[in-house]
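In what comes next, chain A is part of two complexes: it sits with chain B in the first one and with chain C in the second one.
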Partner chain A sequence: MLTLDRVSKVYKVGTFGGKDLPAVRGVSFEMGPGEVVSLIGESGSGKTTVGKMILRLISVTTGRISIDGTDIATLGGDGLRAYYRTVQGVFQDPFSSFNPMYKADHVLGMMRRQYFSGLADADWLAKVEASLQAVNLDPGQTLHKYPHQLSGGQLQRLLVARALLLDIRYLVADEIISMLDASTRIDVLNLLGELRERGLGILFITHDLSLGNYISDRTVILRRGNVVEMGATAKVFGNPLHPYSRMLIAAAPQLHRKWAAVAAELGAGGGPRPEGCLFHRLYPPDRPAGADGERPTLARAEDDHFVGCVRLDGEGACS
Partner chain B sequence: MSLQVTNLRVYYRTLAGDVRALDGVTFGVADGEIMGLAGESGCGKSTLGNSLVRFDPRMRYIEGRVELEGLELPIWDNAAMNDFRFKEVSIVPQYAMSALNPTRKIGRMTAELVAARGIPPETIVPELERRLDLVGLSRDVLDRYPIELSGGMKQRMVMVLSTILNPSLLIADEITSALDVSTQKAVAEMLVSFRDHGFVKSMIVITHDVSILYQIADTITVMYAGKLAEKAPTESIISAPRHPYTRLLISSLPEVGVRYAERRLAGIAGSPPLLLDPPAGCRFRDRCPVASEQCLQEPPFVEIEAGHFAACWKVA
Partner chain C sequence: MNDPERISSAVPVGAAAPDRAPIQPAAPAPAPRPGEPAAASGRAEAVGRRREILYFALRDRKVLVGLGILIVFVAAAVVGPLIRPGDPDAFVGPMAAAPSREWWFGTTTFGQDVFAQFVYGVGSTFLVGLFGGGLAALIGMTVGFVAGYRGGVVDEILNMLTNVVLVIPTLALLLIAAAYLTARGVLVEAVFIGLTSWPWAARAIRAQTFSLNTREFVDLARLTGVPSWRVIFGEIAPNMGSYLFMTFILLFGGAILIAATLDFIGLGPTSGSSLGMMMYNAVAWSALQLGMWWWFIPPGLGITAIVGALYVMNVGLDEIFNPRLRKM
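And then the complex of A and B:
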């Protein structure tokens, strides 16, 4: 289980890092094996920062990310190497993930040096072929080619294959299909579904609601670093509770329904619900804080469906 | 017909030879029509848009005729196009951020732009202010530098600038792609309101995102590998596409409500042909599930029912 517990990230910006820029504020969620969680947000929502913190590319400012109970910030040396055998990432731009001077399978060779230095050639080749098979790539058509000879979809699948060389249990997929064409992106998306069926937990970071809805079991909606709503995908999309989620769903262009029809369905153009802030009805401001002095940022609206306060900063009364 | 394009061919010069990016396209855009132009990367949709406004040095005009309001546009001659550009045909580029001069305040840039067309800048000020109000920009943006505006504001500013002289045709090239969903919707709806207010007579909206076109376009034209595959009213393209490529493309698009667990969508196997040396006949042949011998001949782009055009032997 990969667990985020009240994770925050503050970037230092400005000359000499004099200013604080909070990017992620108290985000908590869990991801189990065999589960696709989509992390949806607009630009600046902190979705990529969350992914990078899980991959330990940047540090956590406060809070804790743990895998099966072990805080990943404490890992180092062999422990960190073992962590990377379990968790890997794939990013948005397949063209810049490859060094154009080397053949595309250079990324696989780097894996071998790093993690499989003791493996015999024949075993290594068998391993490469198995992982290419898993992402539906033909070894003959992809190995020994330069990146520019392969399509974006092929490169992206090669990067997933690279991650699969290790026996990973979690994959962070940050906007991995945004740059692909419509006719090939669905194949990469279906690939994520197939990997999930084989027990992989996938954090699918995206700005595109229809993609998140298609592939994920659970959805987390971020706005300016805060989780505004999360839960089972069918519940979040079928019955969005937070005004921001409602606005997002109303603004996402759909193929068979016009904007006006979706807005009418959600009522009042996807604006706030008439009864006010659901979070504070479920969790009144005067209710005492929990045993550890922390106040929750999300309230449980129904089974596997949580909603945050209408007000972003969550201080004081909101309505 | 506001715009009539006949058999337009535009190639790119490269060391390896000509890339046939736009290889004989014929279509018309009616008065007041918002035509959506969709296709995958490299299909020639931006080349088509750019060639109607300004040739870049790598582009080579081969043949074809472009008529706007009954007048032939000399698209092969960048100097002669100066008489039409901005006044009759205008473009909103994808990256509005790079379309504004960073060293000028926006008001001054606008004045210079209009003056360069021989129009006294003060005559357009009332109209400019009216339009800024309409798109929800405060009038003091004219006193600011582009760097002080957000991406969405710059996009709206460029849209106001491009249409200030009421061109007959506006080309909007991927203007919503770099924006967040909420801004995207506002900008797309703004395009429709520009048409409704008569700021532009007709419009070509280029994007890879068919669902945006479904929201705002009157007709959708689908391009594949440098040629037109299908053109029809929006509802027909989305609900009853005829060309095999359009059918597969539409059925591969995930939308809110479709879940992997319940209904698995399929992509299109294979990849588009290289346009350096494209195969003869139908260019979708190798990926097409219904291809036959006949497809070795090039299918004509014909009207299969009123207002619905397609280039496929199987539907003609």
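And then the complex of A and C:
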């Protein structure tokens, strides 16, 4: 189980780090094996920062990320290597993920040097071919090529194949299909579906609601570093509780509707709206804090469906 | 002589080479053998890459021309003293003689052999360039890479150090040093130049490292558990290979020119000779006014040819280090 517990990231900016720039504020969720969690948010909402914190590429300012109870901030050396054996990532831009100085299979070579240095050439070759076949890549067409000689879809699948060389249990997929065209997009999505069947937990970071809806079991919606709504995908999409989620879902392009019609509807108030802030109806501002002195940032609206305050800082009254 | 603006704008990382070789031999990339393991191990990969760079380097006209000129000068520095043994400053010939079959480069006003001075001078010029430029490149790259990769407090401290060294008046420092060091050789001069001329290189490399550090392939290497030093030298440095080489070339050329300046004001080596000292002597004894072109043309041409050859090589190497600029 991969658990995020009130994880925050604050960047120091300005002269001598005099100003704080919060990127992620008190994000908590957890992800089990075989589960696809989609992390949805607009640009700058902090979704990539969350992914990089899970991959330990960025340090956590406050809060804690743990895997099976072990805080990943404490890992180092062999512990970190063991962590990377179970958790891997694939990034948004396949062209930037490959060092242009090397052939594309350099990413596989690095894997071998770090994790499979004792393996004989033939065994390694068999392992590489198996994992390439798992992502529908032809070894003959992809190995010994420079990144600029391969297509974006091939590169992106090569990165997934790289992650599959290890017996990973969790994959952080950061916008992995936003750079692909529609036909390759479905291939990669189906690949993720297959991986889920094999028991892989996937954190699917995206700004595309329909993709999130298509693939995920649970959904976390981020806005300006705060979780505004979270829960089972069917519940979040079927009955969005937070005004931001409603707006987001209403504004998603639909095949049979023109944007002008949607905009008119949104402008007219977007249909019936709940009175005030649901979060503070469930957690009144005067209600004392929990046992650990922390106020929750999300209120439980129904089973596996949580909502945040309408105001983003989550403090005080808001209606 | 070392202008950071000119240098950092000359070849930005990832940009196209200033100009490309007009004709590239249509040689195919070294084809992988059919039976070769698909993803070779790290060491085999590095060896393969080295062989590949050599393959393209030996087919690039610019690299060959630059290398050829350098080899001629190195050969002159090595073989020359064997042809004209003895003290190059000895008064051996007629005074102010023009080049002839006997005195290839003529003689000075005092009857010294210009050819002997030249070949000795080329040797010490290479020495100053290699050690001075090499030391400066080493310090500059170390400071630049560490500051750019680590960032944060480490970067602030190293950056402060860089700026302090950058504003130290080199000449004043050398005047003081000269007062304490009564016997200065070419190597002492080279070390001094190396210790004072690295800051602009450190700043430029730091900036490039910062920019490359945000690329996703660096994250991917970290995600593979690759140690920091190997991320720097295996992932970041190769992307600025031609830039690093150019840094070395400019530091090399800069060291030669600084050495000439120091020689000119009498702070040069107290023993040995150099191309800079030859030019200084030529000017001091009015070779220009007397029309003794053979006294100042060889050292001037020597410095220009050495620095120029290195620069031509650099342009060619840009195409070799970066596979995207190759014509395949």
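Remarks
As a working rule, the second predicted complex is superposed on the first by the 303 of 319 C-alpha atoms of A that agree within 3 Å, B and C clash if a C-alpha of one lies under 4 Å from a C-alpha of the other, contacts with A are read in each partner's own complex, and residues count from 1 in each chain.
Operating definition for what follows: contacts are C-beta pairs under 8 Å (C-beta built on N, C-alpha and C of every residue); 3 or more make two chains touch, one makes a residue touch a chain.
Worth saying up front: this structure is predicted, and the values here are computed from it rather than measured.
In this overlay on chain A, chain B fits alongside chain C without clashing.
Contacts of A:Gly199 after superposition on the shared chain: neither chain B nor chain C is touched.
Touch criterion not met for A:Gly79: it reaches neither chain B nor chain C.
Applying the stated contact rule after C-alpha superposition, one finds that A:Leu125 touches chain C and leaves chain B untouched. Look at A:Gln88: by the touch rule set out above, it reaches chain C but stays clear of chain B. In the superposition on chain A, A:Asp105 contacts chain C only, with no contact to chain B. With chain A used for the fit, chain A forms the apex of an angle whose arms reach the C-alpha centres of chain B and chain C; rounded to a multiple of 10, it measures 80°. For the three-chain overlay built from the shared chain A, the minimum Cα spacing from chain B to chain C equals 10 Å. By the touch criterion given at the top, residues 14, 32, 37-42, 45, 49, 215-217, 219-226, 235, 238-239, 241, 321-324 of chain C touch chain A in their complex. Chain contact summary for the complex, chain A toward chain B: residues 42-43, 151, 181-187, 189-190, 193, 207, 209-211, 213-215, 233-234, 237, 247-249, 251-256, 258-259. Residues of chain A that touch chain C in their complex: 52, 55, 57, 80-81, 84, 88-89, 91-93, 96-102, 105-115, 117, 121-122, 124-125, 128-129, 139, 143-144, 146, 148, 159. Listed in rising order, the residues of chain B touching chain A in the complex are 40-41, 180-182, 184-185, 188-189, 208-212, 214-215, 238-239, 248-250, 252-260, 264-268, 271.
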